[in-house]
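Paired with chain B in one complex and with chain C in the other, chain A is shared by the two complexes that follow.
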Partner chain A sequence: MEELKGANGGYAWEDEYQRSWDIVKEDDGGSLEGIVTSLVEARKKRFMKNVTPFQRGIIRTMVLVVDLSSSMQEKDLRPNRASITISYAIDFVGEFFDQNPISQLGIVVMRSGVATLVSDVSGNPQSHIDNLRALRKLEPKGDPSLQNALEMSKGLLLHVASHCTREVLIIFGSLLTSDPGDIHKTILSLVVSKIRVRVIGLTAQVAICAEMVRKTNFGDSSLYGVILNETHYKELLMNAVTPLAISNQSLAETAPGFSLVEMGFPSRISETASPSFCSCHSKLTYGGYVCPQCLSKICSLPTVCPCCQLMLILSTHLARSYHHLFPLKTYVEVPVLTNYDTEFCFGCQIAFPAGVTPLEAQVLKAKEEAQWGMKKHMLTSSRYRCPDCQVSFCIDCDVFSHDVLHNCMGCESIRESPSKPTLSVNAI
Partner chain B sequence: MDAIAESVFDNTMPHAAVDDTPSHLSVILETSAAGWLAIPQTTLKQVSEALLVALNAHLASNTSNQVSVLASGVQRSEFLFPTPEDTHAKHHNGTSTLVSSKLYSLFRHVDEEVLHRLDAHIQTEGNGCDKGTLAGGTSMALAYIRRCQAETAALKARILIISITDDSAIPYIPVMNCIFAAQKMKTSIDVCQLGPASSFLQQAADATGGVYMDVKHPQGLIQYLTTAFFVDTSLRPFMVLPSQNNVDFRASCFVTGGVVERGYVCGVCLCILKDVPQRNFCPVCGSRFDDLVISKLRRGPVVTRKKKRKTDALQTPLTPAAEQPEAVTDD
Partner chain C sequence: MSVTGAAAYKKRAGMLSIQEELLPPILVWKSIDSSVPVPVVELPLRTLTNLQATPVTLEKMMLKVVSKGPEDPETLVTTVFSFNHRPTMNNIRDALQQIISRQKTVIQPGLSPAPGDATQANDAPANGSLGTFSSTDSLTEAKLLRNHTLQQKLLRAQPALFTAFQETVIKGGLHPDEFWSTRIHLLRTFALESSQRRGPYNVLSTIKTVATSDNQVNVSISIDKIQAIFEQYPVVRKAYDENVPKLSEGEFWTRFFCSKLFRKLKGEKIGVYDKGDLILDKYCLINLDYLEKEDEEDEEHIPRFLDLEGNKDDNSQKLGNGPDVTMKGDNNPEIVLILRSMNKLSTKIVSNCVPHGETFEELEKEKEEELEFKDLEETQPMSYIELHVNSQHNSNSSKTDTEVTIADADKVDAGLPEFKEKMKDYFTTELDLTELYSAPSRKRSAEEAFKDTIQMIKANTKQLKQTWNVTSVESLFSGVSVVNVTTDIDSSLPDADLETLRLTQATSMEFLKHFWVNFTNRKGVSAAGNPAMVRKLYASLKKCQERVESSIQLVAAQNPVKPEPETEKSEGEAVEKPVDNVHERHARDYMGSISRSLLVAIDSYESAVKKVGGVL
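Right after this comes the complex of A and B.
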């Protein structure tokens, strides 16, 4: 529960009316620079997730359930809950397929007590995004029914192959659910079908959601989050992009082992002279990919061959997921010192701030405390060090390496140190 | 009337405004001694001369254009330009050179700095390991571009790799990560390959909308650098550029290294295997596979498909004819 509390110890709606410019105070010299820098660094730090190598379910199947009941008309999120949810869901779809290129997604909407399938389970992000855009015209109405939505999700996920994960992500704005039957039975059937449910609440904790998440995730209730504000909302959604760790318990309980999947790696052909028919849309196209099993032509990858049902991908699609499997170690913040051995960020060459003597540090800390009334100090060395190569980076490069690049620039650039833990699986 | 005329003008010249936006060119020069020895037609000296001309041309085409140069050797990758000390000096004593024109001093500054640093870089390079540091150099270039784009709004950027080594010197996963990061940042990676062809770098150029060229006549490198590689990213859709129709996308088996057309992928580590492993364990990550799944896969192509083929041929004559020859070669 602790992580649900905000900086002021409450939810967004319990907070004092707060604007970002209210937080900013000038320091003694009337300068904002120092405070702004430390604010920015503090914010960026929140994006640094702790990474531990896990076995993850990389090939995922997820049903995204969006609440479009009357409670989504509330305006506590601007302009209102429904429209921000749709915008965030569109971002989510893009990010989901970027990070999980061989996964599948489906979208279900809860409205007027029924669950409606908005976008069938598929690996095509564009169709999902188009279907979500179309939802903007739909006015939030009636009560949501969790049971109906779960039953529909179960139906969508049941036929999924055993090597894929079965996940449901619910964005729930209401405090109630109006169900036709006993939802507890539905939850039990989800447990039996090994479907894992994750819930993002927009209002407050709801007992049934907490129970559902706990039961379907082997007693782990950390996948139920209630948003504090827009930023936190986005954060919770983006957490769902990272594949779930395969818990030891789920391993023991589910399969006696992992799956090996048969896949085809098609070759690309270019037809500049005359077009030929593709087997996915039956249209005349120039070039495409050829299924190695049945030799039919396909427009885009990844897909399941429409003729022989072989899963077709490029090796690059698999490579996109490798960073989940070989996560970059978290960089360690260098403590505040009088002198540092590095003056510049290894990556972007930006100059680091100079060292601070203990006396100066004391003064700065006291100043901060007086101004912010906080025990936590914002004073940093602004240096973040890779535990492997011992190279220092600025916070921007740290975030960039962990969120975008997934390489350590130091480890990849310096080969002379004897401890060389390269991540390469030497594909060739 | 004015309004109409203006909008028409805008429509016909959509790139007039785009052209003014500054552009960043980041060049990564591979410096592996063994690699350069293998190319007898040219030397590192000649290539750096050509490179300096290309850098100056880039700087000259727009006053706000920026360049950065990295050297990527077998032991380390480092910035040749700009370097932190250098940016320091520039801020402190301004233009100390006796050259009057500001632009010219910039040329000279870049040239001197790059040559000086390159010299220092080569002096410190020793014998390397099997994998070079090209991925590290590309990562640093991307990090520097990220900073420049944060500082200068709407800055376009592209990376040019002057490569002399093939895939064996490139670590697979880091270079793939660089490609995806470049894709996200909408930065194209151009590859000027002086050495043997590299499928990883071909993929890098292909995935990011860059140009890949196997330079057959390195003596004329300056011609290549100032034509095919000089075209701004925003203009590329309108130009006929050297295209690569046959990018090698083939996957290779993680164990045998052979090319895989139809293979198996471990559900845990996503490694690619040509055959079902003999023991029921993943040879890469050691995960134990489900016996049921394995036996199904083992049986699949040998027994059931043969039977199926007969019945299929009898019942559904519409089965694609192509499937049969493929299946025969497979058995």
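Right after this comes the complex of A and C.
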């Protein structure tokens, strides 16, 4: 029960729900500037993410199931559930392929009691985005059928090679499912096919979803989330961008097997004089990439060679997928001190605020409490330190390192970095 | 409650009434004055075809009724009634209008799904025609390969795939199973899409009546929906059985959707003054429960024991909240009825979903699971497999590697002071950038480098642009519907010739695909690793090579280059030195990549055969 304790000593559910407008209370004397900057900084602070390197499947195949039943016409999200879901799904597709370039995605829609394939499983983000855009014209209608959607997802995932993950991400707005048969049997068949289901509920917890997630994820029910607000919705969706960690429980049930995946690194050619037919679209193109095995010309990477079925990627794709396996450690916030040993951010050379004596800190805190009636104190050192290289960064560089770079600027500039992972890993 | 009103016929006062409860239903006019022997006018309602009333602007109030003649349906009889009270006339006109529109209603047959419109979910997907999928393995590879009906349907639905099939299987001699084996996922997706069934749902709530401008009620209802209605509401089936030979199919449904029965079943509130339907509203009075029980074979389960303890906890009155809405004494009985009927429907839908044929043990287990307090269970802590990352290189090579880096680093460190010294001067002395252009030798090389760079940038931009364009186009033979066909790069060849080349290329690619799949044994099982198959495909590849060559020749022959005026002077010269055919050269360039692919495939097969000492 320990982990249920919240920040204020009570249980998590007793924690006060703080909205941003609750924190900021207007008063006659003070200026809001200082408080606003600290609020902005507080928002950027990362949640304590687990940064232990876990085994994850980085070659992913995912089917995104979008509910377009009548419940998606609800206007609790603006302008309505369906249109915000489509916008978020488009963002998700972009982010998914950005962070998982060697993965594939398909999109299925639940509407009028049936599941419809909207976008076939492929690694081309643009076609998915175009197909999602086309969905905007479709009016949400009828009941959703989880069973039909799951059966279709299963069908789409069945031919996926064993070294790829099989995942289903369901965005579920309804509280019911209208199924032609027994959904429990479908869930069991998903377990057998090693398909993992993740659900984002827009309304409330639904028992069947909880059961589905628990059973397909070896007892892990954390992959079922119900949104609190629009920000939380986005957060839950973006969590699905990170590949799923493989649990010990799953290892106990399935035989551990590591297979080598054959991949080709094609070379680029340019034909300046005359175009030739590409093998993927049978279109005349100038140049492209050439498969090292069968010499056929391909338009874009990553892809599976349309001729010899070899997986073709660029080394940068592999590198980009790797950061999930070696997450960058969370920077530690330096406590408020009288004197600091750093004056400038290592990344952008911005000046850090000067030190504050304990007395001054006390006064500031008291002032904050009196003026704003705040329980949490906003006073920070604005320094975030890498636990490995001990270099301090400002909050923006911290966010940039973790969200974009996936590398520490401090560690990378040290010649013999202590924790720099190499590509020779025991298990991938 | 038949509609009546005072109306004059041939200047004689009388009463006009619509008598729907009679068989056949009629429109009757009777004279008030029974002493005068005026014949009664009777018009069967089914013969009415048209209706005309004088507009409000006119003082005269007349209603013209057009009906088919009693003997010959071809001749139309017009009967005119005059009124002296407009509301009376309107009332009768409306009633008659409704009757006429009923006769015009036609049932729409089950709408067939629009092919190719993938995003449009059908209201009534074809049911069972391809064998509905049971949740498990009916979609295995073997079964899909055997399902020729499914394959034919898919080919018909996707013309591009059909072309591929025609070229490679019918003309090229590829085994159909081989063709389909690389397209299992297409078959599976198609089977899934076309064989989906819908779960039970509240049919009536999905039916929306639309009133059109001419006061007609338009309802479109599909056969599936009618079946679903019968299944969910036995009372409607009973009404249908009893009335339909008398009423036409369309009339029955129009009446039904206007009736109080419909609104009651749908769970809507019925006002006292709502118009209903004479024939069907009497079914409202039938005890629905009784009818349903008649339908079900097994009786309702009546518990013999009451769980008092359970009752104690379940007592809603004790909880401070008001009792359940269905239990309130002062509640409007109408609402309670509606709630009951909704609950009944829910129960019915749910009970349909209960899987049949489960064993006793399974049912027991399910009940036990229901009793568990899942919410209060401790969540099982998840643990994941950690990756053990070597902070250094592989144990074997790590030492030397590190040594090397250290040695290198030392070298760099040693050179650092020297480098720093140099850099000091670098910034203090002035740089002369014009020096680049002053020396002619350097100038030329600089210009050349510039030209190269520009060219490279141009080529890269072109390539990048086309990549963007082409990625949104789905492959020709993949069978996926083409979303956005971008045009080819401008070609000097006519479109028809370009298409010839494209088809040859795509067909060769298909054979190459099968060759590599079998040659590299990527499929694992099935026909893969079958030397005979590979040999056959090798022969096909050889043929592809010929086809590529012949299509190039064909294009060249169809686009002869006009001999240039200079060469025309001496005929002999022109024959000796063949004209450089631009089109042939282009065609050859276009097919360049496929020719290379064919060559490398043939080479690798030949060398593999030689390696094992086989004979080609």
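Some notes on this structure:
Note that in this section the second predicted complex is superposed on the first by the 371 of 428 C-alpha atoms of A that agree within 3 Å, B and C clash if a C-alpha of one lies under 4 Å from a C-alpha of the other, contacts with A are read in each partner's own complex, and residues count from 1 in each chain.
Just so it is clear, a residue touches a chain if its C-beta (ideal position, glycine included) is under 8 Å from a C-beta of that chain, and two chains touch if they have at least 3 such contacts.
Since this is a predicted model, take the numbers as computed values, not measurements.
In the superposition on chain A, A:C397 makes contact with chain B only, while chain C stays out of contact range. Shared-chain residue A:C348: touches chain B; no touch with chain C. Judged by the touch definition given at the top, the superposed model places A:N407 against chain B, while chain C stays out of reach. In the superposition on chain A, contact of A:C299 is made with chain C only, not with chain B.
Of the two partner chains placed by superposition, chain B and chain C are both touched by A:C307. A count of residues in chain A touched by chain B and by chain C gives the higher number to C.
Look at A:R320: by the touch rule set out above, it reaches chain B but stays clear of chain C.
Of the two partner chains placed by superposition, only chain B is touched by A:F265; chain C is not. When both complexes are aligned on chain A by C-alpha atoms, chain A residues 55, 246, 270, 272, 293-296, 307-308, 325-326, 415-416, 420, 422, 424-427 touch chain B in the first and chain C in the second. Partner chain A is touched in their complex by these residues of chain C: 118-123, 125, 132-136, 139, 184-185, 188-189, 191-193, 196-201, 206, 353, 355, 379-380, 382-394, 405, 409, 455, 459-460, 462-463, 466-467, 470-477, 480, 483-484, 486, 488-489, 491, 498, 501-502, 505-506, 509, 512-513, 516-517, 520, 522, 585-586, 589-594, 596-597, 599-601. Contacts from chain A toward chain C in the complex involve residues 52-55, 109, 111-118, 120-121, 124, 126-127, 130-131, 134-135, 138, 141-143, 145, 147-148, 151-152, 155-156, 158-159, 177-182, 184-186, 189, 219-222, 245-249, 251, 270-288, 290, 293-297, 299-300, 306-309, 325-326, 415-416, 418-422, 424-427. Residues 55, 58-59, 98, 162-163, 246, 255-265, 267-268, 270, 272, 292-296, 307-308, 310, 314-316, 318-323, 325-326, 343-344, 346-351, 396-397, 400-401, 404-407, 409-416, 420, 422-428 of chain A are the ones touching chain B in the complex.
Of all residues in chain B, those touching chain A in their complex are 72, 74-79, 82-84, 87-88, 126, 128-129, 131-133, 135-137, 139-140, 142-144, 146-147, 150, 167-168, 171-174, 176-181, 184-185, 203, 207, 245-247, 249-252, 254, 257, 260-273, 276-277, 280, 282, 284, 287-294, 297, 300, 320, 322-323, 326.
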